[in-house]
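The structure's right below; bear with me while I get my questions together.
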Amino acid sequence: MNFASDNTGPVHPRIMEAVMVANAGSAMPYGNDDTTRAARDAVRALFEAPEAAVEFVATGSVANALALACLVTPWDGVFCHRVAHVEEDECGAPEFYSNAKLILVDGDDAKMGPDALEAAILQAADRGVHGVQPGAVTLTNITERGTVYTLAEIRALTDVARAHGLPVHLDGARFANACAALGCSPAEMTWKAGIDAVSFGGTKNGCMGVEAVVLFDPARGRELELRRKRGGHLFSKHRFLSAQMGAYCEGGLWLEMAEAANARMAQLLQGLARVPGARMAHPAAANLGYLDLPRDAHERAFAAGAKYYTYPGDAMDVAQAGAHVRCRIVCDWSKPAEDVEALLAAWAG
Amino acid sequence: MNFASDNTGPVHPRIMEAVMVANAGSAMPYGNDDTTRAARDAVRALFEAPEAAVEFVATGSVANALALACLVTPWDGVFCHRVAHVEEDECGAPEFYSNAKLILVDGDDAKMGPDALEAAILQAADRGVHGVQPGAVTLTNITERGTVYTLAEIRALTDVARAHGLPVHLDGARFANACAALGCSPAEMTWKAGIDAVSFGGTKNGCMGVEAVVLFDPARGRELELRRKRGGHLFSKHRFLSAQMGAYCEGGLWLEMAEAANARMAQLLQGLARVPGARMAHPAAANLGYLDLPRDAHERAFAAGAKYYTYPGDAMDVAQAGAHVRCRIVCDWSKPAEDVEALLAAWAG
Amino acid sequence: MNFASDNTGPVHPRIMEAVMVANAGSAMPYGNDDTTRAARDAVRALFEAPEAAVEFVATGSVANALALACLVTPWDGVFCHRVAHVEEDECGAPEFYSNAKLILVDGDDAKMGPDALEAAILQAADRGVHGVQPGAVTLTNITERGTVYTLAEIRALTDVARAHGLPVHLDGARFANACAALGCSPAEMTWKAGIDAVSFGGTKNGCMGVEAVVLFDPARGRELELRRKRGGHLFSKHRFLSAQMGAYCEGGLWLEMAEAANARMAQLLQGLARVPGARMAHPAAANLGYLDLPRDAHERAFAAGAKYYTYPGDAMDVAQAGAHVRCRIVCDWSKPAEDVEALLAAWAG
Amino acid sequence: MNFASDNTGPVHPRIMEAVMVANAGSAMPYGNDDTTRAARDAVRALFEAPEAAVEFVATGSVANALALACLVTPWDGVFCHRVAHVEEDECGAPEFYSNAKLILVDGDDAKMGPDALEAAILQAADRGVHGVQPGAVTLTNITERGTVYTLAEIRALTDVARAHGLPVHLDGARFANACAALGCSPAEMTWKAGIDAVSFGGTKNGCMGVEAVVLFDPARGRELELRRKRGGHLFSKHRFLSAQMGAYCEGGLWLEMAEAANARMAQLLQGLARVPGARMAHPAAANLGYLDLPRDAHERAFAAGAKYYTYPGDAMDVAQAGAHVRCRIVCDWSKPAEDVEALLAAWAG
């Protein structure tokens, strides 16, 4: 009953198999190998973007940091939601790579609205040389609270950005879960909706550790390569990153795993009616949910061996909090339905 | 006959097996897992340094960059050999992470001597606030030209550094090959010889992609963790890095592979007598060798399908060069004796 | 009637005279001159801090940036008020010099309260390696809205910082105006109240362009010197910076000018009763005031040639705003009482 | 007899007068004042470059750092002579502002030759993504050893740079002295000879502290403004920088002072025949000279109160050196002929 994160789960057997296959014999290093060429093309095909610059890295933090760095200058501001991963969970990696400043935008359920975004842009633009310049926008889908931007909501934000000349990055650490939730294609959620750069996540969704940075403007590709190398992120035995991404794209595995993870969260939401006093803190639309649980329900689950994060702080703080405990539940592709049932049962008492 | 680099070779089966084993079930992320704890302890045991700070990353460039960044300030100079990997092959990663400046020291066969090092330190110290300050020394064993610093040579350099209050880093991308060549222990080549920080390489020696940063002063450990995270190098599914390093240390596999690789180079050196006009450009002591070959010998090998780098530039430049071609030959753990024989045969004609 | 800023005013004749005097003959460069030694000592005497590290720079932005950089690491957060100068008006200079991240704290009248500060520190500390680390606190006195922290309020903030191990910086671009308003000594407003580092401003208060960075821990002094040089802020003809600061400290000129400036604002506040519909937006306590004026009153003043900034945006935006216009009025040491009267008369109509 | 540097001399009375004049009344800050507009235009007129971006800063280090930063990316290399000021005397400021790496080129008398430059560019270009990319060239006129590049020599270097697509910066800390030596116009020594960016120095030549950054491509101007602000180098009372530069350009004062300084060095060279055993270390062509003096001659001068730097190290090291002492002599605009005679007399004994 480990619901702590989708990065606690195992690698999908087809991904692991691809890694084994890539290990046969010698291959040229630093991405100059056939496995890499094929995986890049697979990502381009998935995004219907045959010209896009595509490079692979091993963590989501650096995927975001590199993508943003390629969009801005060091005296720019990057607009993001107050609880964005780039703001809260990357220890300053976006600033380290881009030197830009994050400018926080509020909004319910971890989603920026177009009006709040525009107000923030206008305020920044008003300071002339004294303030950082409006530089780019980054949004996350699915969001850090488990909600999902619709295609129309994305378009509303990219329209605002475009009106002010700003490129838009999508943090897709859980990109597949968003596509699964929206029933849309990668292209529809990105360049067709006005997105310029994507962190296309594999790690949280059944890979060992691989993310693709996708820049729809191929002119930025050389900068991406050089920034990656300078950050120490160019793998010499690059084929092992690429093999993961290749298998991930192959035969819709990326979507299949996301659908499985989302289905487990849907099962949990359905079963929540059986847990008296439980309520959603944000409307969960994919594989990640925030709930407020009666304290005794939460304690029963932990006593039964469940693992998940509570807020604020960790489980040690529970005794100090109120009648409800805020819990974050994440399902990954591998989670069996029985685990969800067991969790619900523990909560229900 | 791929002798282009030791990073073209495959992962050792025992390493790959460990990765598979680590994939069973769930594990907490970001290094908070048992596989990681065990691998850290294995490295500490290998170095006879039970208190050392040990963290894992996926590339040698970032291992060097992080280790150096933990030793210096942004207004420091780092003394290294003119052809050091940190100077020539990391696209500025050491400067990106540390903000320090590399100060180049000359020396035959890619080895700094203590006098040249001291002269460079004194010259830098002479400029007061106008110049960068002497900050640290970094040396590479085995060197970028395939030569090996003896323990006495290392000690001579660390003595100079110590006399000027400078910590010393060892770039050990081919650490195991140096130990194998010297017949010494990891402790003897490092802290017992005055080294403060090590990049302990696994990638070039049969791993998929893992290096350990070892700081013998554990007080620097928290900074290392934070710098790694800020650089986007903290893996969420960290167990897969750790599993490689654990297996690498287990049962002397790290040394066994290095000895195999060195043995292939020794075989090649022995056979070189059969190649008229061939001569070593530097005295090869481990698994890496620079040779000057008669042009026709080189051309026969390439025609036979051999792969290795020539200098300056790549093979395309060969036609412009002189009667001899400078060739870099690298053997990895997996290279069969037959490949070496085939290469020698092609050269000999 | 130029009330746009205290940096629009002239240099005080005694400051200018000191610059002329310093020009006699040759002097050694880079601060190795008698004028500089004397000025450093004058600042130490003013702060009753005979051991403090004191260095001079030409702008307030770099004084803040250097002081903060000496207090934090690149992976730290610096807590400041949402409208702090370091956040809004320095185009990222604090981040450029320190690499740290500004963390914004709310509070009425541009003042942080201890509870809001502590909450922000706790939230940052809660994220472990994933977030930037609590690093330092910076506050501004007088504040960016013309209000003044009392000594008790400063102490309440430094107590919180101290409890969490954080040093505290005081942005004193208008330090003298705060001292004049509080009737306290520089020592009372700084180290006696728990402040570790000060930007002691001269430029806005009758100097040509000089600020002193004061670090009460002299152990940080060498780092300050090196950071200043590396930022290109070490003047070769340094005596001209120092001469200003020496004259500024001499005979209480710094305080005399601030009292004059504050008196003009007091005069304006008193006269405001004559302007129907005018009201203070924040309680002005020194030489800077934010007012909401009826539109017609504002328009009369501009028609009469008055200069001051309106918010948001500049005067061109006035037509789009509501019935009131928010105006920022700043008095410098040179402002004659007649100008204040003329402004009030224009407003009153 | 202070020949330590041209930055030990006083400000020219016409410069000081201009500063006094600028102090009359109020002026808008941050360069939005008439004095600044006029001074910018004066520099443009001097360079016959009516469209050039021109900004003023207070030190030569930041002028160089900002100019270079506007020409390169963080993963670039900047080619400069081994003893360039940017390499030896700016404590890493160029790297701090640009993040680029300096690549050192050898050459006699502190001058790069086109062949050495081209070899360095080719070597850097050869490393692909593994090395920093060729980014820009910077040269200094007059050089750090007092020699002067002819217009043909400058053109030879800019031709090489242009052939590789690299922009060229001229460090003109002693720009006026070079123009005076060559008898050429500022335009002839810069854009007409293929230079893209200039640090046009005033500080060493009779100003208080002002340098102009001149970018002949005006499209880079906004970046220059933002980088300057972010570095904390935008003066609020900007008119005092501008007044210096305006007076410096007015009526050929810049050239007049340089000619005076150069004449003193010519006088010294002529008189050197009277000093037995004295010899020039480099051919002095402007106001700066390196000489090797018999030890007793040097000691007589110091005993008589002369001030100048000796190498390596300072005068304290003299006793350890050989029969000759290497001395650096610099004349500024204010140096009377009598001082030069006195120095020669002391040397001659």
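In this document, chain identifiers A, B, C and D correspond to the written order of the chains, with residue numbering beginning at 1 in each.
In the analysis below, a contact is a pair of C-beta atoms (placed from the backbone, for glycine too) under 8 Å apart; a residue touches a chain by one contact, two chains touch by 3 or more.
These numbers were taken from a predicted model, which means no experiment stands behind them.
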**OP:** Check B-C against B-D and say which one is joined by more contacting C-beta pairs.
**Re:** B-D
Original post:
Going by the average position of its CA atoms, which chain sits the greatest distance from chain B?
Top reply: C
**OP:** Would you mind pulling out the distance in Å between where the CA atoms of chain B average out and where those of chain C do?
**Re:** 51
Original post:
Can you give the whole-Å distance between the Cα centres of chain B and chain D?
Top reply: 41
Original post:
Could you say which residues in chain C touch two or more other chains, in rising order?
Top reply: 74-75, 90-92, 96, 129-130, 226, 229-230, 234
Original post:
Taking the complex as given, what residues does chain D use to touch chain B?
Top reply: 74-75, 88-92, 95-96, 99-102, 104, 123, 126-127, 129-132, 312-313
Subject >> Touching residues (chain side chain A, partner chain D) in the complex >> reply: 30, 73-75, 129-130, 133, 223, 225-227, 229-230, 234
Original post:
Okay, in this complex, where on chain D does chain C touch?
Top reply: 2, 4-5, 7-11, 16, 19-20, 23-29, 57-63, 65-66, 90-93, 96-97, 203-204, 208-209, 226, 229-237, 240, 307
